[in-house]
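The same subunit A turns up in both complexes below, where it pairs with subunit B and then with subunit C.
After this line comes the complex of A and B, so read on.
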């Protein structure tokens, strides 16, 4: 969708929907929201809905950041300590690599 | 080896360099990514046994009083690289030629020219240990992937009598192991490790079956056993013991043999061409007359039987039986006294050549000491068995020449040519060209795929001990109603086919560890060996380009992709030339 062809109030609605959808454990939606509406929030000349959009963009961005830190940390822990977890490590693995512990 | 550059090596060594000292140095060098061992004369070591000095971690044994002093434990190393064996002349010539042509003289400047390289592929799927890999298989959710298989096969059991399923009777067991350990896929000749002993058992069974009819009545029976997976912590014997304890041996529907009913357990182990036979008795036999019988009957067949000078039992299946039932009277019959005389125990060089076997092909002469020796030994054992069962003297007229010829054929089958005359009388097998004649490997393998040697040897044992019956092929399938007999249709001497009626049984040789729920893997009670699954094992030889050429190729590749990006960008920008890229989209959002 080309945002330049969307009316300002529809933009706000879209942005807020994306923000709300992100609460259902969908950090990528927040990330998309932050990137997609970044220009609208910070680089477009001022318009009425911009303040609200800006707020959604910032919070979506923060949410996505927190999520990525959490996921990144977990991936690091899982990849480094899966073997040390032993049986538990295998039971939470979806695909166990062959030939290595 | 210079380690200042980032090249990795596949080390090619002759078999006589495949020793602990060399291999440990290669193991610790992280530039070594593979080893190819060349088996070619005259580079054959005088001794090579990849097993432990105390094989199957036998008790009362350490490096100072080892049973297998030649053992280098290679089988139990955690090798960080794959090891391949090249034993065919074509591969060896190609590798040496390629090396001589391109890699010599080998110095630092060599990296500026193309070098001959080997690429080894041998990815093993399993990791960690048996419990882990089996657990992973059982836990597998979406990806059903097999990491390893429990090792095992089948035991061959031949009771020489049948009896009512509700009664028990004493049995005398004559056992030998069927398998040999192997470090390399398809290379487990086991000439002295197992072939001579199970061939002795086959011959003894044949002789006993021919004189058995002279026994009128007896309350004891003979059972011949060929045990499988013995190299892997006694898979076969421990399973038999387990089944006996459960009252399920030899099978659920027929008569039972229990540990208490074993009158004697004789095990034949590692026979050579020496007429000196050593007896390793369990304490229960010290006061038994049976050993004197062996000595006196052996003398008749010009064999010199004597008591071993070592008191403890050698690594054997008997130890497994004794562990389960301490007062079991057992005897190990072997050609070694205090330690193995076999210099290649469980190794790939334990072949007909190292054994000194020459195929007599129909005419036994004074040269064929091995065949005659095994025939004498088998005759001695069969005669003593006759005496044990009947209580009377055994007949003297065992035709030594015929037995030696049969032993010769048997050894030929197991040591030189799997498509031999005797095997063809059992099953239809393809005649191999002379160059490809090879014995069947004796490695036990994994349980889902049976080793052809088991079935063939079982049928051979049945063939050598039973008389054909006059039944057509169609009717030669059913066993008798109480499952004591089985009918097998074999090829026969003229390939006309014949039906035999036998008491032969194949019983599972899979470790009880894989049957017992929640088995304690660290208890060391049963064998827990598994074998990793693998696919795509290959060895490729090619010329690796010089470093300069590699850099030029890479630079060209990067240059081309940058150029293509630029061209596309330019064309896109100047869409007056081509406007296909910026045509307005038909749907407007």
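After this line comes the complex of A and C, so read on.
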């Protein structure tokens, strides 16, 4: 859908819906929210709902950032220390790399 | 699995919607007509029949004049659309071809769909042909059945059922098949991966996809998801259909597409026409829309309400905004075309479900969805099946020949669209070209160039 055709109050609703949805462990929704509404929040001439949208966008962005740091750290740990984890490492592995024959 | 597969097989694609011109003419004539009426009112003399006749004659006049420039514009406009469609189609083909060439899983033949009970195990070409034909017939039967069911559901307004169906099928694709895809890609690249990250990734990916496809989301993200879904479906077909059956199915489906879209009683046509009557778009999720133009921006609020109220007059709402073509074109044509395609696809596929969802479709559709040329996801799928299958033999000449053939076919179809101004099937031309190019390249050009190579002749 195209935001330029949406009324301002609907934009706010949509933005806050996305923000709330993000709490269900959905950082990607926050990320999309932040990117999608970025122009609305920061580059459009001021309108009534803009402050609220701006808040949602900022918090969504922060949330997505925190999530990505957490996931990034975990992936780093997993990739570097998988072997050191021993059996536990194998048991949480979805794909275990095979050796080259 | 197999269910969703078969469902998704549908193809229908209507490239454009017609009536654009007609719509624009009628609008113009309305304006002139109104002016005439007012004049008539001012002049007391013979308001009755004469006024009518003069009005009608005026209406006719402006058309011939405006027609030529209109057509030119439409052709130009169409050219932009061709390019807009080239990108997604190429992306989809790229995903499929690169997956086919890196992930062994999709080349291996082990399991087959339930709909293809004959596995072509024999070495005798006669038996293989017979098997392939029988498989294709069964598969087509399923597709036709699904299409008819979808149309019936649509005709009698079981919107919730349709949406449930579409959401379910897109859910299956976004969860199970994406899971298998991820697993195979990771295996192919030998990358370790843990269940925790997997859970987070799948949950996020799937949920985001459902939101974007069936509800509201950024257009580009929706397009990306649709392309991915189409590619995934194509990979499934390539993997789970027996060798020769795939080729026969491609041929048969393009014939079916032609029939379903062009015959007066063709299911897809009925679907599109019903949608037009109701002034709805057909399950947006089933159709890729290149949304080039946003002519309606100017009238967001008013437009919404109006549209809801006057069904059948959708076009008039936006006509004033742009010189005529864009809005009319895009709106009328696209929505209709889309709807046709969607319908078509929707029947057989279950990909993506729709924005229409529970709410009254008109409002949503008209303003949310942007106008542009729409191509059914089914078309994406079968294009990709053709090129993916061609690339699975590891021959780049053939792959590129098929790719070019598909794009040529697509642009020819779009050209015809501009000429005929009605919804057209997108499969027949492309697939015919693709099949001809494939077999020519494989049987003639490739041996020829090999020969030249071995004997070191350079031309």
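Just so we're on the same page, the second predicted complex is superposed on the first by the 99 of 101 C-alpha atoms of A that agree within 3 Å, B and C clash if a C-alpha of one lies under 4 Å from a C-alpha of the other, contacts with A are read in each partner's own complex, and residues count from 1 in each chain.
Operating definition for what follows: a residue touches a chain if its C-beta (ideal position, glycine included) is under 8 Å from a C-beta of that chain, and two chains touch if they have at least 3 such contacts.
Quick caveat: nothing in here was measured; it's all calculated off a predicted structure.
In the superposition on chain A, A:45 makes contact with neither subunit B nor subunit C.
Contacts of A:2 after superposition on the shared chain: both subunit B and subunit C are touched.
In the superposed model, A:94 lies in contact with both subunit B and subunit C. Looking at the superposed arrangement, the partner reaching more residues of subunit A, out of subunit B and subunit C, is C.
In the superposition on chain A, A:28 makes contact with subunit C only, not with subunit B. In the superposition on the C-alpha atoms of chain A, the part of subunit A touched by subunit B in one complex and by subunit C in the other spans residues 1-2, 5, 94-96, 98.
Of all residues in subunit A, those touching subunit B in their complex are 1-2, 5, 83, 87, 90-91, 94-96, 98-101.
Across the complex, subunit A meets subunit C through its residues 1-2, 4-7, 14, 21, 24-29, 32, 35-36, 71, 74-75, 78-79, 82, 92-98.
Residue ranges on subunit C touching subunit A, taken from their complex, read 183, 186-187, 190-198, 200, 203-205, 207-208, 211-212, 216-219, 221, 291, 294, 296-297, 300-301, 355, 367-370. Of all the residues in subunit B, the ones that touch subunit A in their complex are 123-128, 132, 135-136, 139-143, 145, 147, 588-589.
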